[in-house]
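Chain naming follows the written order as A, B and C, and within any one chain the residues start at number 1.
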Amino acid sequence: MSTIQDTAHRSGATALGGRGIHAVPTMPILSLEGLRKTYRDPMTLKPFTAVDEVTLELERGEIFGLLGPNGAGKTTTIKLLLGLARPTAGRVLLEGREPREPASRSKLGYLPENPCFYDHLTPLEYLDLTGALFGIAPAIRRRRASDLLERLGLGAHARKALRKFSKGMTQRVGLAQALMNEPRLLILDEPMSGLDPVGRSEVKALLREQRAAGVTVLMSSHVLAETEPICNRVGIMKQGRLVEVGTVSTLLQSGVREWEVAVEGMSDAVAAPFRAGGHDVERIGSRSVVRVRNGDSLQDVLRQMLQAGIHVHSVEPRRETLEEHFVRVLDGRTVARGGRS
Amino acid sequence: MRGVVAIAQNTVREVIRQRMVLVLALFGVGLVAASQVLSPLALGEGRKVVTDFGLAGSSLLATLLVVVLGSSLLHKELERRTIYAVMAKPIRRSEFLLGKFCGLWITAAALIAGMFAIVLGVVTVSYGETPWLVLGAMALTVLELGVITAIVVFFSSFTTPALTAFFAAATIVAGNFADDLLYFGSQGAAPWVARATEAVYWMLPHLTVFNARGAVVHGIAVAPERLAFAAAYGLLYLMALLIVAGAIFERREFR
Amino acid sequence: MRGWGGMVVAVVLAAALIALSGMVDRADRARRGAAAREELLYYPSGVWVRQATLGYETAAADLAWLRGIQYYGEHRLSDQRYDMIGHVMNIVTDLDPRFTQPYVFGAFVMSQELGQPQRGLELMEKGMRANPEDWKLAFETGFLHYVGTHDHAAAARYFARASALPGHPEYAERFAAFAAQRAGDRDMAILLWKRVEATGNKYMQEVARRELRRLGDGAEG
């Protein structure tokens, strides 16, 4: 969880790039306080809490990944912070403003989940409409629209009706419209979905570029491999609750380390005591891999191996991947105490 | 306000690109053509028949356009979630609604103007005289369409397209019967019925205010004070509806 | 619409709307009163038929008019019975009281084809009540009195009334003078029928030619 000092330390004039009028360093770009959203079934009136007591503060210039399984409440959280849905409890502040105020959205870019734009327009016309809604002068928005379409690889399709766009192409239009107003805060609901591998790496490059320009990004995803390399911090949601928040490295440090000891020519008889000691032994051809769970027993295992004259090929520490961590957290084996609750 | 203009422009574009207008325009031309066929059968009253049919047809078609397209205009945005990206821009929901209203009204007015131009042209060519007086009826029809558009937007701010079309049609029918309602209510019904019908009578749009078709075909001009009165009544009525619709829409949950 | 300014504007708008609604209400009540009186004079259906057209009453009147003419044309070729023509023209003129041709045509048919000039004159009376300033309706009423009921004094009265109304042609005055002087004259009847032959619709022209032949003046027409 971020702290005030933390935020103050990271933000400031450089992160804002001099763009901001509200460049008060202590004002978080986005803060959620005890946010809750309860839906009621219109027939049975049974309440269902989609977002539960979410508290979070974004730091300027970071890329924050909101992770969680399907139905965790990521999209609902995003709708709440845009004012598209109203919270049952708690509040949202966008640079100190309520999301209901239109001005709070003037420096915000938003990519909806599975976006859908007006069928009857071309991307150029849609971006022009977007620019008009932001109050951008016609000449500027025309130039920006064609630049963005070029940038997102849609230059050749600028005058084709959006009706004829594929999913990935629509996703790119969605990114373009989110960038039309040169936002200070980008909110992207599953930006990678529907994109081909080239598209994904392009988007990653784009996001890094935006971060370098001082833009703060909040993105939701469940494709962790895509998220891990670009996010400064991630938050993991589970059943509406934000169960863990932190940088990728701190989250993973708390995970159990493991060593993989690869050896050459180890017979089953020699392997038996290791198995008995609770280590996994896996045989691949003439090679065997022994997974050792903690540092203390590693010393013992290695000593035994050397005494038995086994040729140790390599010893590798294996960190938990974000994906494994994610699955472990969601299994509920280690519901983090520090993160929330 | 710039948001309202942008949404209105987009709505006009949407309606025009939906070919609906083309179909309607063809229908309008066809109607005038049909009345041309009928005019020799009218025993010398062809000019009146063509003018009547032209005016009635254009007003009917424009009303149809507003009710049919208008009732799904908002719902389609919610259903396809195109509204999400738009509402994340610095624009109020009530401004969005106002933009939709303006766009639809402008389209309907343009359609009316086009169809009246066709009527004027056909009558001029066929009978050698231009019935300029119908322009008074046209102005009133445009005002009426404003009220009808506001009715459609009002209902669509809280209900489904089917119900919107139904309620709007019912309101239009009842609006033409407004004065009879009072009469029915006064014919020995229970006092609470009388009071209820009286309340409905006051709330309904009195659409007869906007109907000068019967006068202009007989060469009676629409008096400027009648036009001014209808404009004041129509604009106030539609503003009242839009304010209520905006308040409802601001509070509505998007799915 | 925030704060007091918005509040004041809203209150002013609401008050203005209420005031205008009151004016609409007064106009409606006046119209309803007049319609109710008219209803008692005639039959109760008329006004309701008009409402049922939802503001398209003149176009509906045209349709009824076209249908009425078709009815007349069909029966003229077959059995020459036109019993429904009065009913149809009543509906047409209920829908569009300013549409004068149906009064004239309906009354003409009832008088000259059905031999019921009295019914024809009732339709003309209705037309003149709805259009008191219309010279043509007064003139045609005089005509029906002259050739239908042969009430030449009444004919002279209506010709005189027509020639006092705006827009009347010069011949209205001529006929008013003739009718006053030469009541019962066959020449007068011929002149009147010649006028129908010159100005009436094609069916009326045919009837006029028939009448002129009967009066022994067909050769010229």
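Odds and ends about this structure:
Everything below uses one rule, namely that a contact is a pair of C-beta atoms (placed from the backbone, for glycine too) under 8 Å apart; a residue touches a chain by one contact, two chains touch by 3 or more.
Being a predicted model, the structure only gives us computed values, none of them experimental.
Relative to the centroid of all protein Cα atoms, the closest per-chain Cα centroid is that of B. Most remote chain with respect to chain B, judged by CA-atom centres, is A.
Centroids built from CA atoms put chain B at 49 Å from chain A.
Taking each chain's centre as the mean of its C-alpha atoms, chain B lies 32 Å from chain C. With each centre defined as the average position of its C-alpha atoms, the distance from chain A to chain C rounds to 81 Å. Multi-chain contact residues, meaning those touching two or more other chains, do not occur anywhere in chain B. Of all residues in chain B, those touching chain A in their complex are 2-3, 5-7, 9-10, 13-14, 17-18, 80-82, 84-92, 95, 253-254.
By the touch criterion stated above, chain B contacts chain C in their complex at residues 38, 41-45, 48-49, 52-53, 55-57, 59-60, 172-173, 176-180, 182-183, 201-202, 206-209, 211, 213-215, 217-218, 220, 229, 232-233, 236-237, 239-240, 243.
Touching chain B in their complex are the following residues of chain A: 79, 82-86, 102-106, 108, 110, 112, 114-118, 120-121, 125, 129-130, 132-135, 174, 177, 187. By the touch criterion given at the top, residues 1, 10, 13-14, 16-17, 20-21, 23-25, 27-29, 31-32, 51, 54-59, 61-62, 65-66, 69-70, 96, 98-99, 101, 105, 201-203 of chain C touch chain B in their complex.
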